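For reference, chains read A, B, C and D in written order, and residue numbers begin at 1 within each chain.
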Amino acid sequence: MTNEELKEQILALEPSVTFDETGEWLNVQVEPAQWKELARGLRNSAMHFDYLFCLTCIDWKTHMTMVYHLSSTSHRHNIVVKAKVDRNQPEIETVCDIWRTAEFHEREVFELFGVVFLNHPDLRRLILTDDFEGFPLRKDFEDPINMIKL
Amino acid sequence: MYTQTEVIKDTTASGSEGELVINMGPQHPATHGVLHLVITLNGETIKKIEPHLGYIHRSIEKMTESLTYRQFTYVTSRMDYLSAHINNLACAMTVEKAMQIEVPERAQVIRVLMNELTRIASHELWIGAMAMDLGAFTPFFYAFREREMITEIMEDSCGARLTMNYMVPGGVMYDIHPDFQKKVKAFVQQFKDKVTEYEDLVTNNVIFQSRTKGVGYLSKEDAISYGCSGPVARASGVSCDIRKIYPYEVYGKVEFDEVLDTAGDSFARYLVRVKEMNQSIRIIEQLIDNIPEGDFQAKTKAVLKPPKGEFYTRVETARGELGVYLVSEGGTTPYRIKYRSPGFSNLSALDHMARGSKIGDLMATMGTLDLVIPDIDR
Amino acid sequence: MFLKEYIKDVYNGVTSLLKGMRKTGYYFFHTKEIITEQYPDNRDTLKLAERFRGEVVMLHDENNEHACTGCTACELACPNGTIKVITKFDMTPEGKKKKAVDTFIYHLELCTMCNLCVEACPTGAISMAQNFEHSVYDRNKLTKRLNKPGSKVREGVE
Amino acid sequence: MFSLEGITKTIQDWLFSSFSPTVALLIECAIIILLAIALFALLGLVLVLMERKVAAHIQIRLGPNRVGPGGMFQTVADTVKLIMKEGLTPDMADKFLFNLAPFIVMIVAMLLLAPIAFAKNFQIWDINIGVLYVSAVSSLSVIGILMAGWASNNKYSLLGAMRSGAQIVSYELSAGLAILSVVVLTGSLQISDIIESQKDGWWLFKGHIPVIIAFVIFLIAVTAETNRAPFDLAEAESELTAGFHTEYSGMRFAFFFLAEYINIFIVCSIGATLFLGGWMPLHIGNWESFNHLMDYIPSSVWFMGKTFFLIFLIMWFRWTFPRLRVDQLLNLEWKYLLPISLFNILLVTLIAIMGWHF
């Protein structure tokens, strides 16, 4: 499907989204509150985005952005969905009941960025030790011992 | 939300009635490194597997934020060390995409040749290690004999055996060694002669077949949902070869088949990998005599400064789809890099695949997932 | 029919096992196939690839001259802080100040042999050597000074 | 010509002439114990080295080649290392059983040496139920393994011991039936009688196809009984780290290790005795001159040659095949080996009754 068709269908699912077409793929900006609904729609509608191949977060110092890269194994089209979350109290609905790969990726983002995924079945640390403090991939993270500044 | 300490403490006492909780790893012969699995058993039957990661987490994503665009490719050799070339290529391609660098044809062909050699080397090691997981020690050495030839080719041309750092933004670091073509042809011949050995020792062996057939089944829907890629997904019938779907470099110009199987069990994953080696040989044979003349590296500025924006590159490593997500703010260092590693997603399906099977089956399942722990932890 | 299947099963199983044994048996009796490299014994005949990256060295010619101008391009290119170049200012005969290398410090223990410094060097002063036997008892010995004492930059290298 | 028979006879005569019969018997016992222990140590060293060399050559490697010429003293060096190592006992282990287990395994292996005929008239105890004795005592070793697994307070050990229990108990059956087929043909349980009956040819050749089948089943069953690959589920390195002896270190580990190799030697010597004629030279029908020539080779050489050939076969299996899964292991026994050997024993009985064998 072309970007125009995708836009049309996504707007039909969720009218409040905004688009950005400067990158390689269509970027969809969505509010965290609407994300879960949109995700379900993207997975189950005719667009059939069944393959979540990348899930990550970016710390912009003022806010954080959750980034979801979606692909369809039948139509071979890709989109990027972004949801802005508050940096002080980052919260977003989990999508691991829609794409099960999200379970591990969300756990990773949870401990490296501190984003809390609501209704995640098993949200606990996967990589770091229990006594680890701070969120290492945030921009303001400082570790005087292990981080060597060149 | 409960913390990790509680889980590990829990394993010293047995679980609920009739359950046995064992820690497999971080030091265990079959976890190939430092994977830690907390396995709940009922007798020999697996009820639940919880992976615990992070024993080799170096936070390469964070490290990369303070490295320049020339420096950050070499770190990725340490991620999936068995497909170091392909990781480096993904990074180089991301920078090239961002800066719109045109890579010379010769460099592209060399890159593809190196990639396919890496893929064969990785699968050779996997065949040996997987047979070893199932208790056959000898194929490991036979596989390493052929792999040794590839590492020697790499050593000649790239200067290192495992962490080559050969792909640089704009092309490759050096031109190929004068003996490269001769040695690759010798390797192709040797591989074709010796591939029957794996068939005799492993593929057709009745014990091996009974250990892998019907073990660790993964359906097509689950493979997609768990984000599996590479041979793991292709054995379940998911067409996901990035080389075919989104061809990069000269993959669009060479003939090869995407190996697909529909059985979805460990034996199918085994077969897919073995057939993939043959396809790689096919690609190498097409390209080895047709390396075009020309530059091996495009002219680039000393300091690379990609424009502001977001770039995503997908390549097919030996394990599956590697994604490099680059967020650039226009500086000399990346603002954020995310590596979407194939092993991480493949591992997430392990619990689903191994539930209800025996401990022995777990070895077959884990072996055919082809986990490389630094790739999972990054 | 069941019996036929059963016998076929046993037959196929046994033949597949025998095939494997034939292969391993072949290697047992053909000792010339052995590929073991007797490493410390074959040191004299050991041939490393010419591009093998073992350590960074600075090339000196017979006049004890090198090509390093002290531009610190290698230091900037290094991802691990392996190289530290301490520069000084020499007086040229014309009385002008000229930047030159005083001490070229190389931390072998930090080096990952990525070759980026060699690529970055504009004058070809440093290169990779094939020596790979780096083990020493004291890690201080791994911090090396690459420019030989008394050496100076070659004439004409800018 | 050198003959062990002469030596033993001289010693016995001298002992009985110089001491009272009781003292002479006690001294004889002491000599035998010493010899058995010496044989144990020697066999351990030789077999471990042999295994490593066989493995190396199969795997296109050289194997140990640093200590002594061709690595001959590698195992000696290993033994010294193991003796010097600290023998750890896990914190919550059952200390008594934990320390007892390796000795039980060793004692069982030692007991099995008794009825084996190493050469012509060179046998510790020619008991009239020799074969029965062997199969009865050899099944005791499972007790030691279970004890080790249970007492270690380690879940891997426990799983390994449980597997081993199921495995040894079930493979006893087909090993027993395979042995029985030779007993049926010979009509005696005594080892010396069985060897004597193979004077004009080994049972493997005399007994037609059923005995060959019995021999193959015997080999498979004893491989399983000695916990060797492809049936090394009790140890199963990639699954259970080291199975029942995970927690053992130092000399106690060495005992398990040694017992494994001694057990291999014993089952192979039993196999050689039953199917390949023990110390009996290769005799072919009425080729008188050939048979005479064969008699010149000492009987001990014949016995050792046959035994080591079988040991080599078992090692060859180990370095070729993948490991079976625990349910497949039991399937193989109950669905394949047991029915086949039951059917086979009927055939053997038929042959014995009709006198069809040579």
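The working rule: a residue touches a chain if its C-beta (ideal position, glycine included) is under 8 Å from a C-beta of that chain, and two chains touch if they have at least 3 such contacts.
Computed from a prediction, not measured in an experiment: that's the story for all the values here.
**Student:** Does A-B or B-C have more contacting C-beta pairs?
**Tutor:** Answer to which pair has more contacts is A-B.
**Student:** Nearest chain to the global Cα centroid?
**Tutor:** Given all protein C-alpha atoms shown, the central chain works out to be B.
**Student:** Taking the mean of the C-alpha atoms as each chain's centre, how many Å separate chain A from chain D?
**Tutor:** Chain A and chain D have C-alpha centres separated by 63 Å.
**Student:** Taking each chain's centre as its mean C-alpha position, how far apart are chain A and chain C in Å?
**Tutor:** Chain centres of chain A and chain C, defined by C-alpha means, are spaced 41 Å apart.
**Student:** How many angstrom lie between the CA centroids of chain B and chain C, rounded to a whole number?
**Tutor:** 25
**Student:** On chain D, where are the residues touching two or more other chains?
**Tutor:** Within chain D, the residues that touch at least two other chains are 58-61, 319-321.
**Student:** Can you list the residues of chain A that touch 2 or more other chains?
**Tutor:** Each of 150 in chain A touches at least two other chains.
**Student:** Using the touch definition from the top, which residues of chain B touch two or more other chains?
**Tutor:** Expected reply: 138, 145, 201, 205, 207.
**Student:** Can you list the chain B residues touching chain D in their complex?
**Tutor:** Residue list for chain B touching chain D: 20, 22, 28-30, 44, 131-138, 140-142, 145, 201-202, 205, 207-208, 210-211, 358-363.
**Student:** Which residues, counting only chain C, touch chain D once they are in their complex?
**Tutor:** 10, 17, 20-21, 23-25, 27-28, 31, 33-36, 38
**Student:** Provide the residue numbers of chain A that touch chain B in the complex, in ascending order.
**Tutor:** Residues in contact with chain B: 22-25, 50-54, 56, 58-59, 67, 69, 73, 76, 80, 99-101, 103-105, 108, 123-130, 136-137, 141, 147, 149-150.
**Student:** State the interface residues of chain B toward chain A in the complex, per the touch definition above.
**Tutor:** 1-5, 7, 51-54, 57, 59, 61-62, 66, 97, 222, 224-229, 238-240, 245, 309-312, 314, 321, 323, 325, 327, 335-336, 338, 340, 344-345, 347-348, 352, 377
**Student:** For a test of understanding, state which residues of chain D touch chain C in their complex under the given definition.
**Tutor:** Contact set of chain D toward chain C: 54, 57-62, 65, 316-317, 319-321, 336, 340.
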